[in-house]
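In what follows, structures are represented as structure tokens.
Two complexes follow with subunit A in common, the first pairing it with subunit B and the second with subunit C.
For the complex of A and B:
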């Protein structure tokens, strides 16, 4: 019984970790550009396909790095061509544009990779399982946890201790004053959007060996990521971490103990947060 | 020009105008287009299934138009995306019907079909089910303008029973999509299992388009099940199989299902699918002359592809629609429905008839497992059940109004 519970908690950690990588990208972009990026789920999907294409030629690890790099470039372009020109527009305009991008990216995937479902095999060295208290647990799932932890620690160090990290934090609090102090906020934004979309690409490839690849695969994870971002506090890095881990556990334990309400609980949590603590777990600080 | 000549000319003009006014409607009638409305899943979890429906419908139409149409009527189709969502399916079907595309087919999810059926009379439309399996469609929710050419859950359950009798596994788990089809299939399997003295130790219904199946897989393992019945389709089928394989579930628990290992999902699952059993509703390898010539024509049209199970079933639906139009000598939905009701039709699976009580086509059914065939993994038929054996008697739940 205790073993089974431990395995379920680990499973929750895997799902929470994946949600964290996706939603922290959203958080970074929102923090700097004040943009709710509806295209993020499609960028996750494109990341999965790019990773899949590179992995079939050059192996899984090349796919993982390649997807992050390709998506980072796409992110920088997205910032320069879409977010920057639209920054003085009504935020709803940008939201609608990102929604349009979502549709375009799905169509692009239809055209390039076709409609049939595909799947990416596990990397050879992680295809086995590890014994955890006598229960076999897929080794690959432990990698997902490790990557999420690495992303979390890496981002925390970058934002806390690097000079660019300081600029990012400053711009997310007050972009105008930061610019007046001599920081090139446009360049900081391009960098942050690039990092955010790179994380979408990375998470897409990380998720690819677990999921069937199809052009609409980003839909449900985008919704759950929005819940994470709202519950954690829009624009809050630590809030996203706590919320993602919480929703990962709630998701898994809900399926087991209250299956009839499992899909509803994250939404109920979001409603509760919006009613009683609209700024989210962590308020609105990076 | 003399006066008489001018009069003659006028008379001639009037006569030709009169002649035209008689011939025009006649011509128009002969050329009235048969408009097929296709509210199907072009995106979402079932996008791959929707794409198969689309391919089959487009193939059937190209074939018919190449022969000069159906009873002289050119055939056209319009496809609208429903994302497999019932409310959107109803909206899109209404749009299609209002634009004149009143012969509806190609719907994927049972919930969508159940949302469309009650509206058919109001729209003056007709619906031919080719993929949707819920018993309700030809059961307690049946309507006079809805017909089903594919297998309903009860027909699938009828072949599960004799197959299950030969299985040694005593304890079974069920996992199905949380919707009309998944729950219907689960209930049918449970009934068949208990009829053979087997026990069902877990029943799990994940939502459509779920991402992480770990919690479900863990519960199946914990339940001590020796066998597993799966009613997940499309992207869900591939995601579940991939994750279940990684957890070692498929290696330890005997697995079978419906719409789970299909021609297309097996391609995506790869080696993972090997040895999984399942109902096969249609296979391009079925050895009838009609099916062989269909598969050959299909391969010619689609670069050497073989028609998949859903493509075969959807094509069968188009055959029935076309023959009903020929019989009715009309493209009016109500006339086509009258021609379909209780009628029999030449199909790729031989001559098949609709049951007049509930508009369900009586079909043979098949069972098999995933194995290597012609150097490729695919579902291979190992048991065949003729139409009489594969069809349970109607339950009486369906009360059809007169057409």
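For the complex of A and C:
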């Protein structure tokens, strides 16, 4: 019984970890540009397809790296062509433009990869399962947890100890003052948006063997990551981590014990947190 | 100035009186609605127009929220869909008389929106948009999962009675008569919103939109008016959902899907929300463009995506706002000559 519960907790960690990688991209972009990218879910979807296409030719690991690189370039372009020109406008303008982008990207995926759902096979070396306290657990899911942990630790170290990380943290508290101090916030922003979208691409490919690939797959992950970001507090790195892990567990345990209500629980949790603290439980700092 | 005359309670803002012109415009709009089915011979065009007017009603709700609260809803399909499901479920299980079911289909989503509004209007700008998207999707998920109640993905046909308020049911099922009904209701809704916007309540919500902190400092409560505005816009969406349910006689989770919320938002953006009738114009343009694009290209989503981006960046007032501006400039030029 205890072992079965441990397996369920690990499954929750897989989903929470995935949610964290997607959400933290949104958090980084919000921190610097004070905007929310409504096309983030579509970038996750494009990442999954790009990873799928590269993986079928050059293997899973090349797909993983390739998707991150392609999406990083797309992110830098997104910053230069959308976020930077619109930075003095109402944030709602950027929201609407990225919403338009979402429609274009879904149509693009329809055109390039077709309407039928596709699936990416598991990499061979991870297709087996591992015994954890006598219970079998798919090895690939452990990889997902490991990647999420690596992303979390890597980002935390980068934000805490690097020079760019310092700029990012300063900029997320007060972008104007940071720019006045001589930091080229535009260049920092292009880099950070690229990292954020690269994480969307990476998570898309990581999730691809677990999900069915379709042009509309970005919708539900976008909504769940919005719940994570709002519950955690907009722009809060640690808030997003806690919220993603909590929602991962709740989502997974909910599916097992109360399947009819599972999809409603994260939403109810969100309303409860907002009644208690309208800015999310970590306020609005990185 | 003596202390005794200082009044610390917020003063009431005087509402300007409605001009004769606005009443005249309402009368013309209503007359046009009755006249149009006689002029438009094609049933296909009339069907399209009826859909556009129902879509326009939803968009007017979204636009009103943008105008008065300055926030963008990505989840108004929730109130549209809850209304349609409310009518469908009440009639299917024969809980109440059909007339009462109609009223409940409007009242229930409005009340739900008001209560939810008390929580979510406190969240600023962009986060509000994210929340409305999540809320809308929660309703959609519920309609899919609650198989026993809603018949899940497949939806169900609504058993409509033979007559409603003494009118035969065919009135709401045939495009010729349904168009007149929807159009008249849309004209009345826009007129009602116009009166609301010019009332002290409307002025107060605009003040809060411009600067919530100052409005609070001069003594106004700010959450309640914003929640009430949200409820009004939800009521308009619910009315649209009710008309949809009556016209189609069928309800499925599609009426709650976020792509419907997105379409309504697109209509409001294209038409422009500064003028109350802008979103309705946007809806007509949206439906005719969609019909046109359907014959020409498969890339309708990309086309509408590009349209949204272009209008947002180059024409923030939308097509209605730009037209009104042009008209104003022409009148000025004419007056100067």
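The rule we apply is simple: the second predicted complex is superposed on the first by the 286 of 286 C-alpha atoms of A that agree within 3 Å, B and C clash if a C-alpha of one lies under 4 Å from a C-alpha of the other, contacts with A are read in each partner's own complex, and residues count from 1 in each chain.
Criterion: a contact is a pair of C-beta atoms (placed from the backbone, for glycine too) under 8 Å apart; a residue touches a chain by one contact, two chains touch by 3 or more.
Since the model is a prediction, treat every value here as computed from it, not as a measurement.
Chemist: Superpose on subunit A as described above, then tell me if subunit B and subunit C fit or clash.
Modeler: Partners clash after overlay.
Chemist: Have a look at where A:11 lands relative to subunit B and subunit C in the superposition and call it first, second, both or neither.
Modeler: Only subunit B is touched by A:11; subunit C is not.
Chemist: Based on the superposed arrangement, let me know which partner A:121 touches: subunit B (first), subunit C (second), both, or neither?
Modeler: A:121 contacts subunit B only, not subunit C.
Chemist: Between subunit B (first) and subunit C (second), which does A:263 come into contact with in this model arrangement: first, second, both, or neither?
Modeler: Both: A:263 reaches subunit B and subunit C.
Chemist: Figure out whether A:112 sits in contact with subunit B (first) or subunit C (second), or with both, or with neither.
Modeler: Touch partners of A:112: none, neither subunit B nor subunit C.
Chemist: In the superposed arrangement, which partner chain does A:209 touch: subunit B (first), subunit C (second), both, or neither?
Modeler: Once the two structures are laid over each other on A, A:209 reaches subunit B alone.
Chemist: Is A:133 contacted by the first partner subunit B, the second partner subunit C, both or neither?
Modeler: In the superposition, A:133 touches no partner, neither subunit B nor subunit C.
Chemist: Could you tell me if A:219 is touching subunit B, subunit C, both of them or neither one (first, second, both, neither)?
Modeler: After superposing on A, A:219 lies in contact with both subunit B and subunit C.
Chemist: Between 37-45, 55-63, 73-81 or 109-117, which subunit B stretch has C-alpha clashes with subunit C?
Modeler: Of the candidate stretches of subunit B, subunit C runs into 109-117.
Chemist: Residue overlap on subunit A between the subunit B contact set and the subunit C contact set?
Modeler: Dual-contact residues (subunit A): 106, 219-220, 259, 263.
Chemist: So in the complex, which bits of subunit C are touching subunit A?
Modeler: The contact residues of subunit C facing subunit A are 71-72, 74, 116, 119-120, 122-123, 125-127, 129-131, 133-135, 137-138, 141-142, 145-146, 258, 262, 265, 269, 299-302, 304-309, 312-313, 316.
Chemist: Can you list the subunit A residues touching subunit C in their complex?
Modeler: Within the complex, subunit A contacts subunit C at residues 35-36, 38, 86, 91-93, 95-97, 99-104, 106-108, 110-111, 219-220, 222-223, 226-227, 229-230, 234, 259-261, 263-264, 267, 270-271, 274-275, 278.
Chemist: In the complex, go through subunit A and note every residue touching subunit B.
Modeler: It comes out as residues 4, 7-8, 11, 14-15, 18, 106, 115-119, 121-122, 129, 136-138, 140-141, 207, 209-212, 214-217, 219-221, 224, 251-253, 255-256, 259, 263.
Chemist: Quick one: which bits of subunit B touch subunit A in the complex? Just the residue numbers, please.
Modeler: Of all residues in subunit B, those touching subunit A are 43-45, 47-48, 51, 204-207, 209-212, 214-216, 218-219, 222, 234-239, 242-243, 246-248, 264-265, 267-270.
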